[in-house]
Amino acid sequence: MRSSLAARTGFWLLILAIVVFAVFPFYYAILSSFRSGPALFSTAIWPDSLDLQNYVSVFRDQPFERNILNSVIVAVSVVGISLFLGVTAAFALGRISFRGRGLLLLTILSVSMFPQVAVLSGMFELVRALGIYNSPWALILSNLILTLPFTVWVLTTFMRALPRELEEAAYVDGATPWTVVRRIFLPLMWPAMVTTGLLAFIAAWNEFLFALTFTLSSEQRTVPVAIALLSGATQFELPWGNIMAASVIVTVPVVFLVLIFQRRIVSGLTAGAVKG
Amino acid sequence: MAKPVSSELTRARVRSAWIFLAPMLGVLALVAGWPLIRTIFFSFTDATLANLTDYRFIGFDNFLEYYEGEWYGVMADPTWWRAVYNTVWFTVVSVSIELVLGMIVALTLNTAFPGRGMLRAAILIPWAIPTIVSAKMWGWMLHDQFGVLNDILMTLGIISAPVAWTASPETALWAVVMVDVWKTTPFMALLILAALQMLPSDCYEAAKVDGIHPVKVFFKVTLPLIKPALMVAIIFRGLDALRIFDLVYVLTSSARDTMSMSVYARQQLVDFQDVGAGSAASTLLFMIIAVLVLITIMTARVRLGEDER
Amino acid sequence: MKLSSLMIRASLVALATTGLAGPAAAQGVNISISCGAVGQELEICRQGAEAWAQETRNTVTVVSTPNSSTERLALYQQLLAAGAGDIDVFQIDVIWPGILGQHFIDLSAHVNGAEAEHFEAIVENNTVDGRLVAMPWFIDAGLLYYRSDLLEKHGASVPRSWQELTETARMVQEAERADGNDQMWGFVFQGRAYEGLTCNALEWIDAFNGGAIVDAEGNVTVNNPGAVSAFELASTWVNEIAPEGVLNYAEEEARGVFQSGNAVFMRNWPYAWALAESEESAIRGKVGIAALPRGGEDGKNTGTLGGWQLAVSQYSSNPEAAADLVRYLTSREEQKRRAIEAAYNPTIAALYEDEEVLAANPFFGELYETFVNAVARPSRPTGASYNRVSNEFWNAAHDVLSGRAEPQDALARLENDLRRMSRRGW
């Protein structure tokens, strides 16, 4: 490798720039979360106080632990349901050719083309009709509209890539399609399911508009809504310290999850994206 | 392709396919089909949020209406067209920037160097943070009086007075673009990295032996080979960008300068309680997106066809 | 059958005598009220509601709702549109009676004329189609905050007209900057394109006798010489005496600048006073309050009417009890308690002369004039279209402030747009 000193320094500067660009805002949010009162308005970029007051008041002034629990319940349920529906649909769409398959895939894709706000009034009607307003069920149901299309598409793509011989052998032995899915495909689809599961989890965890519209009381809110509606002692106050503290609390677990699974995400996207 | 051995078996398999599809289709019909059809239905009525049961059919009036010499309706509303312009401009600019930056990051990550895993982890942070949180964080940093960005730029001497990033009409949309780029470049970078890692290494070996300049290698060899993956990335990013809501709403609320089509639809629906107009705007948005996606897919197919020669 | 009808009659008798009997085995009802989201507002409401519950042997649930006004309205809209009985008593903004009025019961039958004690402007605001849909609860109006120390230092007096305010602001700002305080601005206010700007701009217009955008009969009156003069003056402010960022300031941003000592004048709601005088404030003891100035010699002192009211939902399963809760919370005693403990401006005129109230809040006396002369936003005449009207109005004001439109053009266009909007009546 004949790379010159200049090229190597340039390369490392580039890496530094990328890291700073990606991480600085989050670092600054952490800094701000440890400041309170007038210190909050200082713009020093080095840590100068370690005041936990903001974190305390985040949990004190609203049922934040309840909000986190709600988010977890909704996200996990959405992932579970999406994966189940996704795998079953992907088996049909990926392994069996029938008339209307292409059209069906396109229709599912088109669901993603509608803005969230478009389904708001219809969804509200539905939620009230089912009597699930102001409960996690409303969110679980409405988030499916976000996660099902791409879950089905990605899992279908993976399913298509699996070799035919596995299936044929099983059918010869007299297995039912459901057994084939359960015993043969599911173990093989494991990396793909982790990837789509994680993507669905993040989508449901971050979701804002439906959570804002379908919850009423602060105990039923999810984390993004709780943060957006965080307020200070009076109607007009915006408690930046608390907002930053809440943001840090919410982001750290997601970041950990992503870091743990990051290699799987890349390999997952590899197989899906390029062949698609 | 040989015909299936037994058409009986085929029919059984097609039947089982539909059985497997049924749960997903059922849920999708309930969760997506019903609300979407209702929305399109409402766009032809004058329903208001105050009274969703008592409405009349007014045909296309929500879209365009001619009454006593003047035009009314969503398509005659200059704010709507401003929103369309904002959204399309935002999509084009942010997707382009994300493409370029994502490419740079992906190429960097494609090279082997110590600490590569850490870098890959670090760049995922912006994407992992919920949009609402990013918007609040950046809103705080871009604040004109207490914002750290103005502080840093002034210390470095780049600007002489604090800039009102989210307030000033000239910079507001750029501020939104900046936050979106920060947030989504990792996603693009990962997709492109995935494509790069799938490339056969013999092309590069051959190029190295021939002594071709790396930049030329990139443009003549690498780029054409990852074009399919790039198209997928562009389409999905474009789809998301055209529907953007959270970021614009939290950063600049319903200001006309930065209003996106989704924000416009929501304003009509929720702020003005006009379900008819809001639904009309949503339907128009869907059609615009569908058209743009179709155009992109068609032009991409054409180019793909040529490359395959 | 005979047994059940006997039981029915028996329970009816029991219910009827409950009110008279006193500590009998009365079954209370549960009333849910949404009043405030956080902090002190929620706490003091809860205290009042619990006190009522004790007295009447009912139970009360306080539901917390989004803090942002627009989000709250959207929520209420959806609930009321669905006929939901989730909330019995609603705390509504002063501009909502016109929009939500049809969903609330007429309270005049339940409060026995108590509304006569309250400010006339608010009661009128809350009366839609002859029905009193909400009782006034606490009032707010725009005020002028000024740095008394800076005015004294530079020999200026509290301005009595908007023109004088502009001059004084510029003079003090220049002088302070010459002294080395180069972050000083003359005037901060709410210039973001949102409802708050409608409040600010309405104050400018009304001060110049320019009316209130739409008059009580529904005619569009906004394009008049007074309004033009008001907007012409306002167009000179940004980047001269107000920072450019003011175009995105809401209440808190403006307060942040003023409270850190970087502004001579501020327009804000009364809540900012307690915060400016708090221990952490950089300007403690240096702040004064006055009514907003007039638009020249023959203008008027004014302030946009704010504040919140209490209404009872038509879909409540216990409207009588709910109305009684409203009566209790808006009564003189409760309003006095809230004024003394938490500085909530009462809507009962007589309380502004009450000694205890004035002892706790000395500046209430000055506020009285403002409240009596307050200008209401045109939510009653425009009804369900108020939000649209406000939207057009604040966009016009924002264009003038940012220099994108000339005052006369902006107002002419606004008038045209409002006329188009009302083509089939409000």
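First chain written, first letter: the chains are A, B and C, and each begins at residue 1.
What we mean here is this: a contact is a pair of C-beta atoms (placed from the backbone, for glycine too) under 8 Å apart; a residue touches a chain by one contact, two chains touch by 3 or more.
Just so it is clear, the model here is predicted, and its values are computed rather than measured.
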item	value
A-C against B-C, pair bridged by the larger set of C-beta contacts	B-C
Remotest chain, chain B as reference, centres from CA atoms	C
Separation of chain A from chain B, taking each centre as the mean of its C-alpha atoms, in whole Å	16
Interchain centroid distance [CA atoms averaged], chain B/chain C, Å	39
Per-residue multi-chain contacts in chain A, two or more chains	41
Touching two or more other chains - residue numbers and ranges from chain B	49, 52, 146, 270
Per-residue multi-chain contacts in chain C, two or more chains	74, 78, 82, 256
Residue numbers on chain C that touch chain B, as the complex places them	70, 74, 77-78, 80-82, 99-100, 102-103, 192-194, 243-249, 253, 256-257, 262, 384-385, 387-388, 391, 395, 402, 404, 420, 423
Chain B - residues contacting chain A, complex	13-14, 16-18, 20-21, 23-25, 27-28, 30-32, 34-39, 42, 49, 52, 104-105, 108, 111, 113, 119-134, 136-138, 140-141, 146-148, 151-152, 182, 186, 190-191, 193-195, 197-198, 228-229, 232-233, 239, 243, 245-246, 250, 261-262, 265-266, 269-270, 275, 278-279, 282-283, 285-286, 289-290, 293
List of chain C residues in touch with chain A within their complex	36-41, 63-68, 71, 74-75, 78-79, 82, 84, 86, 250-252, 255-256, 260, 269, 271, 275, 280, 282
Residues of chain B touching chain C in the complex	48-52, 67-68, 70, 72, 143-146, 162, 164, 166-169, 252-256, 267, 270-274
Of chain A, residues touching chain B in the complex	11, 14-15, 18-19, 21-23, 25-26, 28-29, 32, 41, 43, 45, 81, 84-86, 88-89, 91-93, 96, 98, 104, 108, 110-123, 125-126, 141-142, 144-145, 148, 152, 177, 181, 202, 205-206, 208-209, 223-224, 227-228, 240, 243-244, 247, 250-251, 254-255, 257-259, 262, 265-267, 269-270, 273-274, 276
